[in-house]
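Look for chain A in each of the two complexes below; its partner is chain B in the first and chain C in the second.
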Partner chain A sequence: MLYSLLSGILLAAMAPQLQRVLGRFLVVSMVALPLLLFIYYCFFVPEVLQGQAVVQKFEWVPELGIDLQFRLDGLSLLFALLISFFGMLVMLYASAYLEGDPLLGRFYLYLTLFMVAMLGVVTSDNIFGLFVFWELTSISSYLLIGYKQVDKEARVAAWQALLVTGLGGMALMGGLLLLSIATGSYTFTEMLGQQEVVLQHAFYLPAVLLVLLACFTKSAQFPFHFWLPNAMAAPTPVSAYLHSATMVKAGVFLLARLTPILSGTDLWHFSLMLAGGLTAIIGAIMALQHTDLKAILAYTTISALGLLVTMLGIGSDYALKAMLVFLLAHALYKGTLFLVAGTIDHSAGTRDLTKLHYLGKQMKYSGTAATLASLSMAGVIPFLGFVGKELLYEASLENYIMLGISLLTGTAFAAVGILMSYRIFWRRGEEKTQFDHHPNLRLYLPPLVLAVSGLLLGLLVSVVPANLLQAAVRAVSGDPAMELKLALWHGFTPVLGLSLLTLLLGLLAYYFLPSLQNRATTIHPLYRFGPNALYHKFFELFLHGASAFILWLQNGHLRSYVMYIMIFFCGLLLFTLWRDTPGLDLQERIYQLHEVRLYELVVFFLVLSALVFLMGTRSRLTSIVVMGLIGYSAALFYILFGAPDVAATQFLIETLTVVIFVLLMHKLPAFIYLSHQFRKYKFIAIAVVFGALMTYVMLLVQQQTVDSELREYFGKASYLEAHGRNIVNVILVDFRGLDTLGEITVLAVAALGIFSLLRLNPEKGEKP
Partner chain B sequence: MRTIIFATTIRYLTPLFLILSLYILLRGHNHPGGGFIGGLIGSIAFVFHVLAHGSDRTVNVYFRLKLYSKGKPEEDTPPEHMWRLLSVNTWNRLPSYPQPEWRYHIVRLRPAYVMATGLFLAASSGLLGLLRGMPFMTSWWMEAEIPIIGALGTPLLFDAGVYLLVLGMVLKMVFTMSKE
Partner chain C sequence: METLLPLMVGTLFAVGLYFILHRHLFKVILGLILFGLATNLFLFVIGGLTRGGSAIISGEHEVAVEPYADPVPQALLLTAIVIGFGIQAFSIVLIRRVYMTFKSNNVDDLNKENEHH
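Right after this comes the complex of A and B.
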């Protein structure tokens, strides 16, 4: 399984090069990969149907428990098949949709990368693997939404999607880590049996909240739903693939995956039902207010995601079954409708509902696909959508609120379905929309395949998908004996009545749609307080705040930086001293004052007089030289106390500093006292406090008896094992060589930074 | 700063400084010294050269090499021609005024390259241990001792890397700063 993912990443990386070699036949290789993956996953079907989970493990960082462990149970397999099948069609579709785009190779890179990441999300067993792939889907989604980089709208939307889902990604990491602490394992396979442990654990509440945050952001649940409609700025194949069929379902997938581990508390069920229900209602209402095809579809997607989450929240057997069937049905019909919307956009040059009339004559196949998908969406009888809808109603019969939500969304879906098929394709009487060109095979085949598979799966529901869905339901519920019987016809039940009622209501809604859309403008002012507006406000405020803070903190004056560092350091030291309150006993060491040698005193007074002189001087050159003098005195101290290496380094550094200052001298502005006298005293005070603290700490350190083992060890080992007599140097290049390597790397990077700063010419208007 | 005495002295002192810095680098393992100090001394040699003669001249003298070449004349055999090229480019260098019959191209040693080489040496010295199946940066010593240099081993290579990196870094800063 690892190799299948790796091959995808490899192909993704090669896509731009392949475009150069293969030209327009690039699509062949890009379609071949999902096809092969689809076949590959099909081979697992028999094994999974028998109720086994295929687990494969590749060690990655075994010391940290991070392995690439993959687990393929019913749920994962359902998703994996869906992703690879859909990926194949979208790849094919994209080649026609973006025909002639010079960056097509790059597009395929992102798209293939996304597909691999998504497969990784659904098959990962290890939480770290899941996290990595999860973030990879966010990043590739960012790249895909922002694919039309010249559009500002696309860039903003891409940012928004990345930030919102990135927030969720961080929460996910936290939640999964808490879970792994609670259960003591890093894999879902091991977590699965530990529901009791998790529910009792103190970390349950934060873990659930974090996981919910992650899933809600990813699956566009209220109040994070706002990024999804904006993400429609992406090319349509992307919207169809990522933002209706697969990526947004990752949140639902994770919730389903964690259901056997986390469910069972009021917190879990009610928060899921609340968020899902609200999202379903909001999505359904918003969908009827728009005239942009993609916006309508985006809001119905949000609504459908809300329904899926609600079903998970209800958590009864019926609800879980309904969730899975509806998920499959939704992916098929919504993907079709998105692709058809893209075809219309591509051919007619507009996605505005009011400008599209009677398209069916000119695009028969797309029209057929859209009609089939719409019928499935509305829940008409032989389609998979009907089965899903029946189960939905059955699951929500127990609760009137849930029933209301289901009815409302069902009505909206039916209305949108009529809109997407009859209204734009078949309704006569108005002038035909003019086409720029007619769609070719690659534009209408993929949606047709999807729509027909929706129909076939509906007709054969008791045969083909039932087994796989049963395996998936077992994985979600954690109950290996659960049965899933699917049938198209249940007889005349209340649920059938509800289905018919929904269709009628949908027809009504469709007829009153124009007035509904007019009415909707009255609530537009509310958008100013919506999450989208809040997001933009927050973003703006954040940027302003950050730049104000940076301007205050990093004001470009070296003295300020040094001051901040010193103040912060003093603060930390004082805090530590205050907390640990070590006593300083000088009484016993007063005799040490007698041991002070004359030459030490000489150097001391040298430094002191230099300092006093330095504070009074008004010439830059003098101050530099005096600073050099102080540095040399420090080096003298090192020599006196027997550290020749350090002393030599200090001497050289001081020399270099002075020389470099002299080199720069003529470039600096004239030396003037700009600062107020008060500021000078402030600096003096800070310096004195810093020095006093350091002295105090040094005295404290000396009070402890230093463990001399190290000294002996290095003294011996440096000659015997490292063949060197200079302990300092041996430690630097051998014992602690890795540290030194890190230091010199930092040095090199700093040098490059200095170089680029020096090369900068602000007078010419260059900006860093 | 450009007095004749200073300039002349520095011209002779710079190579001496460089030799001293190499010596410091090599003795570092047993006596005070090492790559960092050696690199600083080496860079100070160049810094003083820059102070005395300007960075352009320093670059010309130490970091730029004109490689001469010309097409093979009819009467020369290939080995003769190669020998002539070698001599012209090494011990029998042409005077600096234009030589119409000789083409040349300039090889310039940039400080950044010196830095990069240093980093590469330091990092790859650790790899040698890895290749022998031991943890990264396990040191490895030659048995035989070489006069003056002493024993050879990967720590020396590491130290040489530090030396080059420090040298390259200071040079880069000084060359950039001394330009207008």
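Right after this comes the complex of A and C.
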């Protein structure tokens, strides 16, 4: 399985190059990959149907528990087949949809990358693997939405989708890590048997909340649904593939995957039912308000995703079955409708419902596909959508609220189905829409295949998909003995009545739709408070806040930077002192004062008074002299404590500094009073705190006796090995000779810099 | 003296930092020099003070006899002092150049000049 994914990534990376070599035949190679993958996954079908999960493991970072472990059970296999089958058709469709686009190779790169990532999500067993692929889908989705980069709308939408799903990705990482801590394992296979442990664990609540956040953002559940309609800025094949059939179902997939581990509490069931139910209703209502084909489809997708989540929330056997059947049916008909909408856009140049009339005559095949899909969407016998709808009603019969939600969304779906087929394709009486050109084979074949498979799967529902769906429902429920019997005809049951009622209501809704749409404009002001508007407000606020913060922190004044560094340093030091509370023996130190010699005391006070004087003086010459005085005093201390070489250097350097100062003084700025009074006190406070801390640290360090092996080593070796009696000198020129060479280099560089600064003449036109 | 030296070094640090935070270019240089001096003394004190015995092996011995000062901090100091001097000299010249170019002795003005350009 690893190799199949790797080959996909490889092909994706090569796509732009292949485009150059193969030209318009690029599509062949890109379609071949999903086809091969589809066949590959088909080989696993018999094994999985017997109830076994195929597990393959490749060690990656075994020390950290990060392996590339893949697991194919019924659920994964259902998704994998769907993704590769759909991928094949979309690749074919895209070649016609984006024909002549010079960036087609790049588009295929993104699309193939996405397909591989999605396959990785559904087959990953290791949580880290899942996370990586999950994020990869977000990133490739970002690239695909922003494919038309010149379009500002597309860029904004891509950014929005990335941020929202990225937020979910972070939450996912947290939730999965908590789960792995709770169960002590990194793979779903091992977690599966530990539902009891997880439910009792203290991490259950945060883990569930984080996982829900991840899944709700990915699957566009309220209140995170807003990114999905905006993501319709992507080219239509992308919308069909990512934003209706596969990626947005990743959240649903993960919820289904985790159902046997996390379900069983009120928290789980009610939050899923609440979020899903709200999403379903909002999506259904919003769908009927739009006239843009893609917007309508996007909102019905949101609504459908809401229904799927609701079903997972109900969690009964019926609900889980309904969820899976509906998921399959939805992918087939929604994909078809999206592709047809793309074809219409491509041929007629518009997606506005009000401008499209009587298209059926000119695009027979697309019209047929749309009609078949719409019938499935409306839940008409004998389509797969009908089976799904029946099961949905059966699952929600137990609860009137759920029944209401199902009925409402069903009505909306039926109305949209009529809209998508009869309204734009077959209704006569108005003038025909003008076509730029007629769709070619690659544009109408993929939706037709999808729509027909929806019909065939419906007709053969008890034969073909039932077994696979049964394996899937077993994986979701965690019950290996669960039976799933699907039949097209259940007899005259209340559910059948509900189905008919839905169709009737859908017809009514369709009939009254124009007036409803007029009415809908009155609630438009409400959008200002919707999540989408809030997102943009927050985004703007965030950017402003960030730039204000940066301007405050990095204001371009050297002084502020030094100040922040010092404040941070002092804070760190104070924290360490507070944490470790090392004892300072002050009495001992005061006692030591007896040993002070008079001349030491004299030098000490000399330095202190020099410093005080330096603070007050306003003459440059005086300050230079006083600085020299301080330097010489320091040199005296070096002599007193056994460092004659250091003292000699200090004397030399101090003299040189004073000489340089005096030489250049007439070109240096004169003193004037500059400081702001308040700031002055602030600076004094920081300086005093810093000085006091340094004193304290030194006193603390002095309490420890420094026992240096180096001291003994150099004491012994300096004459015997290096034949020098001055140990310091020997260290500098012999033991650490290379360091001294480095030092000389530094001085040379400084000298070069000084030379160039002195010689360059900005007045003569050179750059300063 | 072991108790007084930390006090002195602390004061040097404080004055040095105060000067660095100052707005006047000249004082910034003074601050840099003082800060460097304080750091050197800091190293020296922390390395351990030995009164009297310098790190020199006298003529009649082949190895150093106690008490002798730890030569390692001294070697470090020597390097530090010399490099510090390099920085001082460079910054003095740099500030002279800045002053001549911008005709300002105020660190804050340099930013405004940049914005004008």
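The definition used in the following text is that the second predicted complex is superposed on the first by the 593 of 768 C-alpha atoms of A that agree within 3 Å, B and C clash if a C-alpha of one lies under 4 Å from a C-alpha of the other, contacts with A are read in each partner's own complex, and residues count from 1 in each chain.
Going forward, contacts are C-beta pairs under 8 Å (C-beta built on N, C-alpha and C of every residue); 3 or more make two chains touch, one makes a residue touch a chain.
Bear in mind the structure is a predicted one, so any value in this text is a computation, not a measurement.
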item	value
Which of chain B and chain C A:Ala722 touches, first, second, both or neither	first
First, second, both or neither for A:Leu758, with chain B first and chain C second	both
Contacts of A:Thr745 with chain B and chain C, given as first, second, both or neither	first
Partner chain(s) touched by A:Phe604 [first = chain B, second = chain C, both, neither]	second
Which superposed partner A:Trp489 touches (first chain B, second chain C, both, neither)	neither
Touching partner for A:Met615 - first (chain B), second (chain C), both, neither	second
Larger contact residue set on chain A - chain B or chain C	C
First, second, both or neither for A:Ile653, with chain B first and chain C second	both
First, second, both or neither for A:Tyr511, with chain B first and chain C second	neither
First, second, both or neither for A:Val733, with chain B first and chain C second	first
Overlap of chain C and chain B interfaces on chain A (superposed complexes)	644-645, 649, 653, 656, 660, 664, 725-726, 728, 732, 740, 747, 751, 754, 758
Chain C contact footprint on chain A (complex, rising order)	556-559, 562-563, 566, 589-590, 592-593, 595-597, 600-601, 604, 607-608, 611, 614-615, 620, 623, 627, 630-631, 634, 637-638, 640-646, 649-650, 653, 656-657, 660-661, 664, 667-672, 674-675, 683-684, 686-688, 690-692, 694-696, 698-699, 701-702, 705-706, 708, 710-711, 714-716, 718-720, 725-728, 731-732, 736, 739-740, 743, 746-747, 749-751, 753-754, 757-758, 760, 762, 768
Sites on chain A touched by chain B in the complex	644-645, 648-649, 652-653, 655-656, 659-660, 662-664, 722-726, 728-730, 732-734, 737-738, 740-741, 744-745, 747-748, 751-752, 754-755, 758-759
Contact set on chain C toward chain A in their complex	1-15, 17-18, 20-26, 30, 33-34, 37-38, 40-42, 44-59, 61-64, 68-72, 74-75, 77-79, 81-90, 92-97, 99-101, 104-108, 111
Chain A-touching residues of chain B, taken from the complex the two chains share	28-37, 40-41, 43-44, 47-48, 50-51, 112, 115-116, 118-119, 122-123, 126, 136-137, 139, 141, 151, 153, 155, 158-159, 161-162, 165-166, 168-170, 172-174, 176-178
